[in-house]
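Heads up, the next two complexes both have chain A, just with different partners, chain B and then chain C.
Our next item is the complex of A and B:
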């Protein structure tokens, strides 16, 4: 058990820094996702926390104590990699007990703890198997068990689900969530999958271009993105601007209250999620007319591109009755419009 | 594939390996064997008796020399070759192409030139006609192979296994002993055996650098062959082959056990 704090971390391999000025706190018992596209520097951050990379600037604190001078084996941090990395020369129980053996515990105690964690992770009875004799999901669970058995202060998960197929991935998400809730181990979970991050974590931190752009609950990031880039990462496509007048943003799509932004005369940007755009066949209160230019059926919803006077609008609707060329009314419900702080 | 095919294949392999040894066995057990006889005209154990009695001391000392030399060469070759193979397999560094060239160079230059060239230097350095000098000249042949084998092993090696072990609480030393070594063990075994056998069968370089002071089995073998005593030469040949064969059989058992396939 412990909390993790990164203070002003700068990381990099070559002359260019991959991650700059990163400050992040993970509370004791919290499950935090570090979300970002591939190449954003997520794994680099985990490697720095684990002690494989020395930060160029900043500090890593575990339980309030700086650990920058400790080698990986002396930090109370265990990382689970993308690949299960089970040692092929040991059986499943030998793998799970590896860390305990390194601590010099006696065999009886190791066996007792390994058995307990194998029960918890649904691996009971597989201890004598060779690692290639168990399934991919079991291998990933064994890798997780091998980390959890050490009761680390902080557990680092580096996309441990990306090598599994879709079905198994869903099961493993629920499994990791459940195990985390039971063990209350402080967890930093790296993923590029926004659905995974939103679904699994207490809080999400979005990393874009080597910088943390927003940290908050899944709902905050999804519905109250800090800037257009964050909104774009979560599938935001409609961006429009307007003039501030007395706490109202006046735009081509209507007037929207903007409590965070009060400076009159500036032109802040606003966004609305495609699935929040309302469509109607006829003009009504607060609506703007437009023409459908393109539709794309996506299964549970249909994506529609609408040309309005104020610009192109993308809407996601469960109805599949719209066709290109059709004229319709577009409504932006004021409570769904997010005005970015200028 | 039908049932008899694998058996036929195995029989074929065993035959093709064993048949060349047959004349050696026959020669070593013959007293008189002249053209055009298909079999020896007279059988006898003279060659083996000679080996055990008169030449016994010489043969035993040759065997000891050869074993010691081959073991030392294999050991040094691994100590140098494993880190070199790791560097080539895992890291990109300045001058890598040059390093590779220097490693293969001894294989490109004919061994005679290498041995002759080194001989002059070894005389100056006091290494000629010494055990250490012969180990060094054997290394020029063995080391490239060790480096190449270990290069291949480390090219398919995932260093994240080591990172994983580190954060599970293993010190750098414990990682080397408990993770890296078991993971590359088959490669080390192959490279070590290769070096051992290459050193074991060196003749020319041993003769030049050893100057007749370091009497290995091949040196004795050539001397006996030159003497024209075929039965004795055949018997010595068999003594020469036996340890190598034994080592190979033991290691094949060890390597063929499977279960070394990694899960990544």
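Our next item is the complex of A and C:
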């Protein structure tokens, strides 16, 4: 049981604010990713929620109650750090049971709960190991177990997978997702990896330069970015403008429906993802002609730069038959074009 | 995984080769030290066993050791020495931990503080002892100052703090000297590891006292214990401070050993050396333990 609400937070270390005007709600049982490039202020936000940093403005509410006057040890949130930070003087079980011991539970009860959480996190049988006698992935799981065993209202995870190698990372993503689904603990998960955020969370909140730019489901952020910066963060490369007429955006690449864009005289921007651009050898219905200027083989797909009258277009295609200098037809399927609200 | 093992083995051979290299470079110095130190100990051992041809004693016997150990005065001296070493070490340790915590707590990294902290490290014990004598003696600076301030009626009323029953003068010298040593050791551990683990403790709902008891103390324990053992070993075996600031009876073990050794009666010499060897044994034991604890502290840091 726990929901988290951040209202108008301003956070910083020196004279300059690092995070400004941040408002965000995480619902009870929800897994929310806080996504952003390195230095965007993600850790700063988690530290403010955990109570290590006092906001300069705004409030943090847990279950509807402001917690700004409570120190970290009196808040119903537990933070898991980027490094596992296990206590080197305790064994694995001692680490996981640490918080329960601090609450004064009796040893039998502690053992029962620690065993249960070790089963859940796949650490069964490792309780007596020293912390340097388990692998990096197991250390991260122990750090997670140490937090989960306290049944926090809100769990804060600060890039807990960033120190793991690619394979282990993928396993741990699925693992954390599964644990979250089973325990239904309200989770704010910080990552700089868009794939990780999209695959793991119910909702994603994108932070750029200390400001929240868009919050929504993974599909909303990916397919309906709020502005060109958000689109760029998720790999958007094609941006073009046009003129609004009767709910249609008229552009050099065709006319596209834009129901939620107002006809206010400005020239709205539109975008299409590189993998949604269709290519054909011959001109056809709704196509524009262009010339390939550059290609780059990327394994599963080939990235192609095409000069058209309306500007440079980047396409990502599974076909590898295109070469520089070739002329081809480019089609923007109308349902794949995203017109930004002006 | 595999590459990790290879890397590990590689690193280990490299480390071994490096050790060997180092040993080669140090060999001449080590040889001299072994000869002087080991030779001295052996000669001393022989003399303590009663082999003193110059004085006509050639029979090897453990009698001197037995005599030393059975002498009730030896136990009194041992008691006094332990009192001096343990009391000064414990007080210095408590003050040092408090000091180190305060410095990290208020994140004081000022150069001045660290400089001031290092000053006592550079002043020889003898100098401190002599200063203490000037300061605390019955007609010393402190006594006159107290009298001038009207705290006491005359300098003669000043409490006896040197050559006193409680060895307070000796303790003060040692405590003043050892606090920076222990505090700097503890400080370096705290600055390396303390902060992050304390934050973990806070988010796991440990209160201030619990964080001290269950995180800080275990974190600093190996280094603190190692520092204390070294300090204990030193104060247990050092001669000059109790010699200057102690009473004529009972004497601390090192003073007693020296007195017997330097006695005009050559027959007292084996006893003096026997005491010296007993001290050496205690000191080496403490240092060995300290080295082991220091390794433990080091291996812990490697985990993080």
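We take it that the second predicted complex is superposed on the first by the 340 of 342 C-alpha atoms of A that agree within 3 Å, B and C clash if a C-alpha of one lies under 4 Å from a C-alpha of the other, contacts with A are read in each partner's own complex, and residues count from 1 in each chain.
Note that in this section a residue touches a chain if its C-beta (ideal position, glycine included) is under 8 Å from a C-beta of that chain, and two chains touch if they have at least 3 such contacts.
Quantities reported herein were computed from a predicted structural model and do not represent experimental measurements.
Q: Superposed on chain A, are chain B and chain C clashing or fitting side by side?
A: clash
Q: For A:140, select first, second, both or neither according to whether it touches chain B, chain C, the two together, or no partner.
A: neither
Q: Using the touch definition from the top, say if A:103 reaches chain B (first), chain C (second), both or neither.
A: both
Q: Considering only the touch criterion stated at the top, classify A:295 as touching first (chain B), second (chain C), both, or neither.
A: neither
Q: Identify the partner contact of A:72: answer first if only chain B is touched, second if only chain C is, both if each is, neither if none is.
A: So A:72 meets both chain B and chain C here.
Q: For A:191 in the superposed arrangement: first (chain B), second (chain C), both or neither?
A: neither
Q: Same chain A residues contacting chain B and chain C, which ones?
A: The overlap between the chain B and chain C interfaces on chain A comprises residues 50-52, 71-73, 77-79, 81, 83, 85, 87-89, 98-99, 102-103, 131-132, 146-147, 150.
Q: Enumerate the contact residues on chain A facing chain C in the complex.
A: Those residues of chain A that touch chain C are 50-52, 71-74, 77-79, 81, 83, 85, 87-90, 98-99, 101-103, 131-132, 146-147, 150.
Q: Where on chain B is chain A touching in the complex?
A: Touch list, chain B to chain A: 158, 160-161, 163-172, 174, 179, 182-183, 185, 259-264.
Q: Can you list the residues on chain A that touch chain B in the complex?
A: Those residues of chain A that touch chain B are 47, 50-52, 71-73, 75, 77-79, 81, 83-89, 98-99, 102-103, 130-132, 139, 146-147, 150.
Q: Along chain C, where are the residues that touch chain A in the complex?
A: 196-197, 199-207, 210, 214-215, 218-219, 221, 300, 302-304
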